[in-house]
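Read through the structures below before going on.
In the two assemblies presented below, chain A is common to both, partnered first by chain B and then by chain C.
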Partner chain A sequence: MSVPNERATRSRLTALLGRQPIGGLLVAPYVIFIVAVFAYPLGLAVWMSFHDYFFTAPGVPVDRPFVGLDNYVAVLKDPAVRQAFGNIAIFLLVNVPLTVVTALLLASGLNRAVRGLTFLRVAYFIPYVTASVAVVGVWLYMFTTNGLVNEVLGPVAPDPSWLVNESLVMPNIAVFVAWKQLGFFVLLYLAALQNVPKELYEAASVDGASRLWSFRAVTVPGVRPATVLVVILATITGANLFTEPYLLTGGGGPNGASTSPVLLMYQRGIEQGNPDTAAAIGVLLVLGVGLLALANRRFVRGD
Partner chain B sequence: MTELVDPEAPVRTVPAATPPPRPPTKIGSVLRTTLLVAGAVVFLFPFYYMLLGSLQAEPDPSPSALLPTGNLTLDNYRQIDESLNLLQSLANSGIFTGGVILGTVVFGVLAGYALARLHFRGRGSLFAMVLLIQVVPFQLLIIPLYVMVVRTYGLADNHLGIILPYAINTTAVFVFRQFFLQLPDDLFSAARIDGAGELRILWSVALPLVRPALLTAVLLTFIGPWNEFLWPFLITKDPDMQPLAVSLANYISTISGEAANPYGAILAGACVLAAPAIALFVVFQRHFTSTDLGSGVKG
Partner chain C sequence: MNPRRTVIAAGLVAVCLTATACGGGDGGGDAGAKENTATGPIKVWLSNNEAEIKWGEAMVEAWNAEHPDEEITAQEIPAGNSSEEVIGAAITAGNAPCLIFNTAPVAVSQFQKQGGLVSLSSFEGGDDYIEERTGEAAEQYRSEDGELYQMPWKSNPVMIFYNKALMKKAGVDPENPPLATYDEFLATSQKIVDSGAAQAAIWPAPSSEFYQSWFDFYPLFAAESDGQQLVEDGEAQFDSDAGQSVADFWSQMYEKGLSQKEAYNGDSFADGKAAMAIVGPWAISVYGDKVDWGAVPVPTSSGAPAEEVYTFSDAKNVAMYTACKNRGTAWEVLKFATGEEQDGALLELTGQMPLRQDLPGAFPEYFEKNPTYTTFAEQAARTVEVPNVPNSIEIWQTFRDGWSESVIFGKTDAATGLADAAEEVNGLAGQS
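Our next item is the complex of A and B:
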């Protein structure tokens, strides 16, 4: 970077603060923001999950005793919590493979398409830039019992309909989220495809590989780091599911078949005033996502 | 592929574009284009249906209504405006989004510049922390943030309380850092030899060169708060303070039953909520490039 021409007398100060200590000043607002909005709340969430925490008026001193793992035990014994985590598992089983496969196929198609590229890019990205609340409105209209989808399906329409059917509701939401988020993942794959050396395709072509085979033997391994990222981000998105079950199914129905852990955190923590239980659900959720992310790195990278 | 690369953008680390691996056969190319266009039509269909439904006087879910011949009206827009005061809700969304963009552009640029170009104590550990933040799900933090913002600081139903957790977009900080990193080193050495201070270099040398990146980051930042539902929903109970996403969601979940044509009114509100983000994206779509987003995510 800059020419190392500082005088010897200033070198000790430089060693202590760095060559441009003003940088510390420039990042200060951001550091304060991180501490106030991420680090401190993160610590508070963990602390709350080990204490008997309840809402009080500001400034009222109350005793909030340490309760060890009580909140976690209560949460794990709660059938509603177990159901919510099970729902998310179903969601991820449908959503993640669907997202990875469709995003990669679309990206490699778009990577070769020349004509109409702008239109295609816009088309696939528009759901991503639109508010969930807005597209939930039209999804409700399409998938309601007398909606367009069932009208088209006629006699094969599911009964009870999609969003009030215990076994169809979670896959339906998983498809909704895959559609909504796909544009972003297509962009990630498009960036990754730029980095696959084209010599590999040429070599495969010389060896007489079919297009399908070169996709399997060159493209898929070539974008493996992007696949790790896509799976992790899609898992995090799924774990954060809230708006869709809250609005599409009237708050997690039917019979809790679409309740998500975050929806439960909202209901337990804020509606029912048990922030300690909600914090415990949150910690478990993050641990679960972390474990899945690690397992995914192993699985995708290690074969 | 060349359209994916912004011509105004400065030097990039990622090579511009690879040409197609081999000349595609004609049939394959036609087939691929057809499939991609068909997929795009399926992708866009819900948006057409949203607009159509918002204009229907009576909800008509039959397939024959897809090409409307009559039954169209603007009443649904009047209905949703009466129920939730669209202008006020839009203004609240605008204040939320504007506040976040302002905070991100001012403090995010400073942080991104310092992280990319200045050597100071703690830079490495700060950057590690920034990476870590990306993987902490915001949802874990909603309960403690709710406790802090609503219970401790009493900022419920307050614009500041809505903006606070979003005030500086970390992804935008990444994008800024990435763009400042890509500027040539000589530029900075030359300016320093000429005696320019670090702030002067940022303002007069670096910022003008990354103006396209600024636009990308602003657009990226826009869609977050404009579309955000959970956080503003938690801390606003006063309808006069709610952003449009929240007031429309409340309309969907509770009061739509009172309307003559509930779906029409919901979809009219959905169109109003979706239009600004889609319009911005379509106008500036070439700024949403894969390389920018990729660099933002990969750091």
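Our next item is the complex of A and C:
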């Protein structure tokens, strides 16, 4: 074999496997994980959403004809699905800004606190690591008709009460989720705050900036990358809301006012044996969340 | 195109193709006569109810002692949100056991569609055995293809349980509370709430799970319609005079605050928050010592005599799953476990009613010893099951959503709620 040929082969190999083939080997476990846990199920879900599909025992011969957009049409025509997407929009409108503002405020407070720092960090983090089922119990104790909150509010307590009130139930769940996840987002902000140079605060104070002004002019822009992350993560976890409508409001009540798309997917796909329409809801949700995350990124980053 | 990208893209395409290949199953497999005779060890699942496990373990022990070559291994249904979900997943994965002593009739059509159930009619004498044991009531469990894919096993016919102490507090005769007609029931309920004896007269879960209608609408509908099912011959039955009067009754209960629109976290009856509850015979052992209780049939508009009133059966059945290899043994075990001796043991240990003809006549000693169960045993002769139709769970969810909107939350009137739900249910019941 001639030399130029050998070089050509090698360069083709290099082009195929990269200059450091061992690197490929090192990332393989993660790639396999991604393929097995994300790519394959997502691919299957997309496939299912275009077919008349249901789960069967192995070896059962069934016809699974291609049905084009039928599942999507059925799903989009369904008022329950539209209501669920509307519910989740209300949820995100309350939950995401609330999460960002409170997490940032608490993190800046914690960043300055000298005493009891560990205690406070742990206190904020506990709801995040506690099982939803247990925390939902606490929330029920507080927000049912004869719950703690209504006892305190007395005559101004809402009627019907929080969790059976069609206008209040989704905001209530949004506050619950914001509270539950706050610890995690506070940690993200705390880490980001460590990276804001002290000199900037000193310079601001030399220029005569008030505390509030230096928060606005130094802290907020300083943690912007963290804010992008917080907004996107809160949007994604929020759009996948399931446990709260499942447990807190007894399957999306009152009257479907707290049904989320994922709860509907569970009902349709798992309970009722229609994984094809459930997959169509799932694909729509993935697309929606993807677009929302892109928009968030552009908007918060300011590019 | 960059070659490395090509490799990645090709990999992804391969993954998607595998996905689709896995998605479409192939091959054959039919329950033939030959398959039905294989014998050997089998696995069974039991419900995770303590008393039933006790019964199951004793049953397995008795069988294994006589059949060393065909041993049963029993375990509880693995944990999950619901048994139906776990069983559905096991069917798909091909690792369901031979028999599950906790198969919900509502899920049978779905399991059957999944190819997960063995027709019990395909066994020699299968239909005869089931019909002889259960009588006419067995017909309710027959699938649309005319075969039986479930063995009617035990029922929990529901009745109205009431708390005598709270009735007394409300100024109602605790030994004979007027609860037979809707008017009586409403008046008694009003007294309970007005007197402050309890927060609610009766507190069925107002939440949206598909099965909740089995414990508010369905028993009363069964009674009012003299034993009609939700769907018969592919047609919704509830958009009728009977359905309408049941819906009107519950609408009034909610409107007047006699039933609460918010779910109670816990057991409202045990906690004294509600003076009545719709329960099956399991309640006797649960409330037995805690509450001084009485039981009456569910009300009807005209106050039909107790011995004519139908109710919801709340049955759990046994089914054989296609993953089972030793079906011959499984069938023998099924007969053994539903024989008179084991049925007696089940009644003794769990207080649940074997789905047998003339129950009080079959176990006279038991009912003499436990007279409180007699009422339920008599009621067990007049029960209505959930319809065994395609899309059964979806039908119940549709009904529940309509009920929730109209009867519980009063967004539309009950007539519109029932009519809209009936139209949708007719569409679903007509599909295969």
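Here is the rule we use: the second predicted complex is superposed on the first by the 268 of 303 C-alpha atoms of A that agree within 3 Å, B and C clash if a C-alpha of one lies under 4 Å from a C-alpha of the other, contacts with A are read in each partner's own complex, and residues count from 1 in each chain.
We adopt the following convention: a residue touches a chain if its C-beta (ideal position, glycine included) is under 8 Å from a C-beta of that chain, and two chains touch if they have at least 3 such contacts.
Remember, predicted model here, so these are calculated numbers, not experimental data.
Superimposing the complexes on chain A yields a three-chain arrangement in which chain B and chain C clash.
Within the superposed three-chain model, A:267 lies in touch with chain C and out of touch with chain B [touch as defined at top]. Legend: residue contacts after superposition of the two complexes on their common chain; A:55 is shown touching both chain B and chain C. Of the two partner chains, both chain B and chain C are touched by A:44.
Residue contacts after overlaying the shared chain place A:18 against chain B and chain C alike.
By the touch criterion defined above, A:140 lies against chain B and chain C together after alignment on the C-alpha atoms of chain A. Set side by side, chain B and chain C differ in how many residues of chain A they touch, and the one touching more is B.
In the superposed model, A:297 makes contact with neither chain B nor chain C.
Remark: of the candidate stretches 56-64, 92-100, 200-208 or 236-244 in chain B, the one overlapping chain C after superposition on chain A is 236-244. 16-18, 40, 44, 48, 55-56, 58, 137, 140-141, 144, 146, 250-251, 270 are the residues of chain A that lie in the contact sets of both chain B and chain C, per the superposition on chain A. Note for the complex: chain A touches chain C at residues 12, 15-18, 35, 39-40, 43-44, 47-48, 51, 53-62, 64, 80, 137, 140-141, 144-146, 160-161, 163-164, 249-256, 267-268, 270-274.
On chain B, the positions that touch chain A within their shared complex are 1, 3-4, 14-15, 17-22, 24, 28-29, 32-33, 35-37, 39-41, 43-44, 46-47, 49-50, 53, 59, 61-63, 107-108, 110-111, 113-115, 117-123, 126, 129-130, 133, 135-148, 151-154, 164-165, 167-168, 173, 185, 188-189, 192-193, 198-199, 223, 226-227, 229-230, 234, 245-246, 248-249, 252-253, 263, 266-267, 269-271, 273-274, 277-278, 280-282, 285-286, 288, 290-291, 293-294, 297-298.
On the side of chain C, the complex with chain A involves touching residues 2-4, 7, 11-12, 15-16, 18-20, 22-29, 82, 84-85, 88, 91-94, 96, 110, 113-116, 199, 205-210, 260-263, 265, 322-323, 391, 393-394, 397, 401, 404-405, 408-409, 411. Taken together, the chain A residues at the contact with chain B in this complex read 1-3, 16-24, 26-27, 29-31, 33-34, 37-38, 40-42, 44-45, 48, 55-56, 58, 106, 109-142, 144, 146-148, 151-152, 179, 182, 184, 187-188, 190-196, 198, 201-202, 205, 211, 214, 229, 232-233, 236, 239-240, 242-243, 246-247, 250-251, 262, 265-266, 269-270, 275, 278-279, 282-283, 285-286, 289-290, 293.
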